[in-house]
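Note that subunit A is present in both complexes that follow, paired respectively with subunit B and with subunit C.
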Partner chain A sequence: METINFILDNTIMNTTFQAWISVLFTLMMLSFLFKDNPLYKLGENTFLGISLGYGWVKLWELSVVPFLIRPIKDAYLDFQPYDLTMIFWLLMGFTMFFRFSRTKAWVANYYFAFLFAYIAGYEIPVQVQQLFIQGSNMMKPLLEYPTFFEISKWFVIIFGTFSALMYFFFSKPQKGLLGRTARIGIIILMINFGSSFGATVMGRIALFIGRAQVLAADWFATMVLSSLIIVFLFVYFKFIHKEPGLDDEQMH
Partner chain B sequence: MEKFINILKKLDRRWIFLMIFLSCIIPFWIPSLFDQEFSTTKETQRVYDIVDGLKENDAVFLDWAFDPTLQAELLPMAEQFLKQCFDKKIRVFIYYPFISAISLGENMLESIKKEEKYSYIENGVDFIHLGYLPIGVDMMMFSMYSDFKSTFGKEGKIFRGIKTFNDIKYLMAFAGSTYPESYILLQRRFGFKMGAGVTAVTGPDFVPYLQTGQLDGMLFGLKGAAEYENLRISKGAEKKLNHRANAGMASLTLSHLVMFLFIGLGNLIYFYDRKHKKN
Partner chain C sequence: MKKELPLLLGFFATIGWYLEFFFAGTFFENWKMFFTTGFRSVAIVTLLVGVVNVLKVNYSRIKYNNDRWFSVYQMLIIIVMIVFALLRGTSPGTPFDAMFTFGFVPLDATVFSLLAFYVASASYRSFKIKSVESAFLLIAAILIMLSKMPLGEAMWSKIPVIGEWIMDGPTSAGKRAILFGAFLGGLTMMIRIAFGLERSHLTE
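And then the complex of A and B:
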């Protein structure tokens, strides 16, 4: 046991080792930007495997044990009438497995019926309430808005929404006033798509900055490992990897 | 000109990746070159003011709905929010709706504890990890409004005086998805005060809730986090220990400049080609 602890302390639990592994896997994943290669595949599969393994262990520890196994054990040792509700829902949960049977799949429908009824019963009123809150906020007198900018926002929202809807109105030819409104509508839609795209790019860059922080913090590891990865990619694509020929392409 | 346009047309996309990569990483190595100042939005100011206005021993509820994939934007926000709460001696209840978020939150608190100023903070006294519950926000809220402590089955001095969610002064949800909407849906029903810290991608979805007052304060993307850091620094927080988002802002700016450059060049090629085709 001591040997195992020694190995763990000097590998997985060692902060320097952790930092190098973090840099190595970041660079391995980024190597895909050059070309699909075995290092990227290794990084991808390692990530998936660790994520799934970690997720399952945590799910078992934080969800299955405290909310299923422990209550059942307690009920077995000291049964109380209210434990019947737990057993009822446990059995209801198990009915989901009937989905695997072709002839008895209908049994699972009772559980789904309850689930959908609950979701509809809860969601519909709160979503309608949400619509009223948003709608009533737009119906305030314009002079109640504190600044001219706020008032202009109101016009943009109301007329922007209307003109964007008109763009999808195909019951009449889009000429004259309808055509001009639809033209404003498409401009509004383009501005919307543009801003969404801009925000997405900014978000993606921000995500990469998270990785760049790791690489910049351990610059020595970054230099050494990126050099090794470049050498590997050169050797792999120059001498090992065979470009698919005509015969290979035909096979696919 | 035509030679230059032809070079640009044949430019391998990997050179663009390399430029973006360098523009992100160089500012971390030479931070002084890219120092910049920017104004604070009223949404960020609002979050700061709300926490600043709370009294000693008040309690806030922090919903930590992000995992390491979103830490670049959301971790600096959460860090500053926690530090501001600890500065004001406000109790923090941290809930994790996703299993993958737990270790990130625990590590963050451990790293805050390592700072001399916050070495006194203790789990169960100044903050508590409420853990994960395999139930939706709706059921959790109903339960918290009935009995706060028994919802999570945790013990500690921190629960002193907290019977239901009514005793919580502010709810702050950090997420990279539309998850905080689950709280917003219940906000009017229960009347709690809440804010959100969201990524740049999801930020625009929450603006309508600011206008109706359902959201009281919002931190928006990396810039929101940097603004929050600057607010704390302006009130005496040490810059060296509170610059995670500001360090990223220089990268964000430089990488955007590189992108603008390539967008400009792309447009130049397009208009040049169009003009020459006409001729």
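And then the complex of A and C:
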């Protein structure tokens, strides 16, 4: 046990190691900008492995232990008739695996019908609430901030939302006044898509700047590791990796 | 009976949410509690399905030599995470947490930052002003991008103000209209599921 603790303290719990591993993973993923390569795949599988391991452990802690292991333990120590329902629910949960059967797939209907309906029961008031929240947020007082900037925004929000909703109104042909309103609605939606696109790109750029700052902060690790990665990529693509040739293409 | 009984059970689970709200009494409280306990127990099985699925996918990749060693490595990382959690727990300052902070976070941020290059390159190739609507899309995108960088302000001091106006005005109007549609659609779908009218999630 002492050996394990020694290894842990000098690897993943060591601040220098942490900085280097962070830089290494960043460079491994950025190597994809050159070409798909084994280092990128290694990073990809590390990403999957850590996220799956983290998710499983956290779900075990937050769901399985409090809602399954602990009730079973309590039922074993002090049995109450109500505890029998747990057996019913567990059996119900396992009916899901019947979905993989060709002849008895209908048994899984119990699982899916219950799960979907329970979530629907929870979601109905939430959806209604969200509609009211959106409505009330839209209808602010006109002269709350009496500036041209704010008043013009108020008009655009009210009439823009209305005209964009008209675009989604398909119960009548979109001609005449309705058609013209729907056209304004399309423009509002296009501005929305454009600005969402712009904001997304800038968000990604901000993430990239964050990674660049990490690389610049640990410049020594960056220099060493990027040199090693460049050498590896050169050797790999020059000597190890085989591009599919004419013969391979003919074979397929 | 292959669909009716499950739908009836689902209906009882749905109305459990409202009966407790409208009628006082332990009977309705227990009704809701019964289904809530059931939901938690049943949802745990979903975790098992996820675990089985990951094992199955990696097993077939290892068996048919489809990036075999990467699958082995992925399973190894999962095992390492579980071992770290067993050895020192999962609280902040443990190896488990350090793996997340210094392993997952840089990988996650870099993957998403890579998208900036691909989105920019794809949009450069595909954005063409063919109509008035597409012109609005492009102009809004350019103005928002300029408003979020120092270069925009350096070009003209009003660009950040225009960007803010676009985000608060037309963008919020468009987004709100889409959300209205989405919430109405969601509400309709939930009511259909609750009353057993929507059956696409059930099999024969």
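Going forward, the second predicted complex is superposed on the first by the 170 of 252 C-alpha atoms of A that agree within 3 Å, B and C clash if a C-alpha of one lies under 4 Å from a C-alpha of the other, contacts with A are read in each partner's own complex, and residues count from 1 in each chain.
The rule is short, and it goes like this: a residue touches a chain if its C-beta (ideal position, glycine included) is under 8 Å from a C-beta of that chain, and two chains touch if they have at least 3 such contacts.
Values in this document were obtained by computation on a predicted structure and should not be read as measured data.
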Task: Most subunit A residues touched (candidates subunit B, subunit C) - done: C
TODO: Name the contact category of A:Gln130: first (subunit B only), second (subunit C only), both, or neither.
DONE: both
Task: Which superposed partner A:Thr16 touches (first subunit B, second subunit C, both, neither) - done: neither
Open item on the list: By the touch definition at the top of the document, which applies to A:Ser227: first (subunit B), second (subunit C), both, or neither?
Closed with: neither
Open item on the list: Contact-wise, after the overlay, does A:Ser101 reach subunit B, subunit C, both or neither (first, second, both, neither)?
Closed with: neither
TODO: State whether A:Met202 touches subunit B only (first), subunit C only (second), both chains, or neither.
DONE: both
- [ ] State whether A:Ala164 touches subunit B only (first), subunit C only (second), both chains, or neither.
- [x] second
TODO: With the two complexes superposed on chain A, say which partner A:Asn45 touches: subunit B (first), subunit C (second), both, or neither.
DONE: second
- [ ] Could you give the residue numbers on subunit A that contact subunit B in one complex and subunit C in the other?
- [x] 30, 33, 51, 54, 58-59, 63, 67, 122, 127, 130, 134, 137, 195-196, 199-202, 204-205, 207-208, 210-211
Task: For the subunit C and subunit A complex, residues of the former touching the latter - done: 2-3, 5-7, 9-11, 13-18, 34-35, 37-47, 49-51, 54, 67, 70-71, 73-82, 84-85, 87-88, 90, 95-96, 98-117, 119-120, 123, 132-134, 136-145, 148-149, 161, 165-181, 183-184, 186-187, 189-191, 193-194, 201-204
Open item on the list: List the residues on subunit A that touch subunit B in their complex, please.
Closed with: 30, 33-34, 51, 54-55, 58-59, 62-63, 66-67, 122, 126-127, 129-130, 133-134, 137, 195-196, 199-213, 215-217, 219
Task: Interface residues, subunit A side, partner subunit C - complex - done: 4, 8, 12-13, 18-19, 21-23, 25-26, 29-30, 32-33, 41-54, 56-61, 63-64, 67-68, 85-86, 88-90, 92-94, 96-97, 99, 105-106, 108-118, 120-125, 127-128, 130-131, 134, 137-138, 149, 152-153, 156-161, 164-165, 167-168, 185-202, 204-205, 207-208, 210-211, 214
Open item on the list: If we count contacts the way the header does, which residues on subunit B are in touch with subunit A in the complex?
Closed with: 14, 17, 20-21, 24-25, 28-29, 69-73, 99-100, 102, 131-132, 134, 138, 153, 184-186, 188-189, 199-201, 203-204, 208, 211-212, 214, 221-222, 247-248, 251-252, 255-256, 259
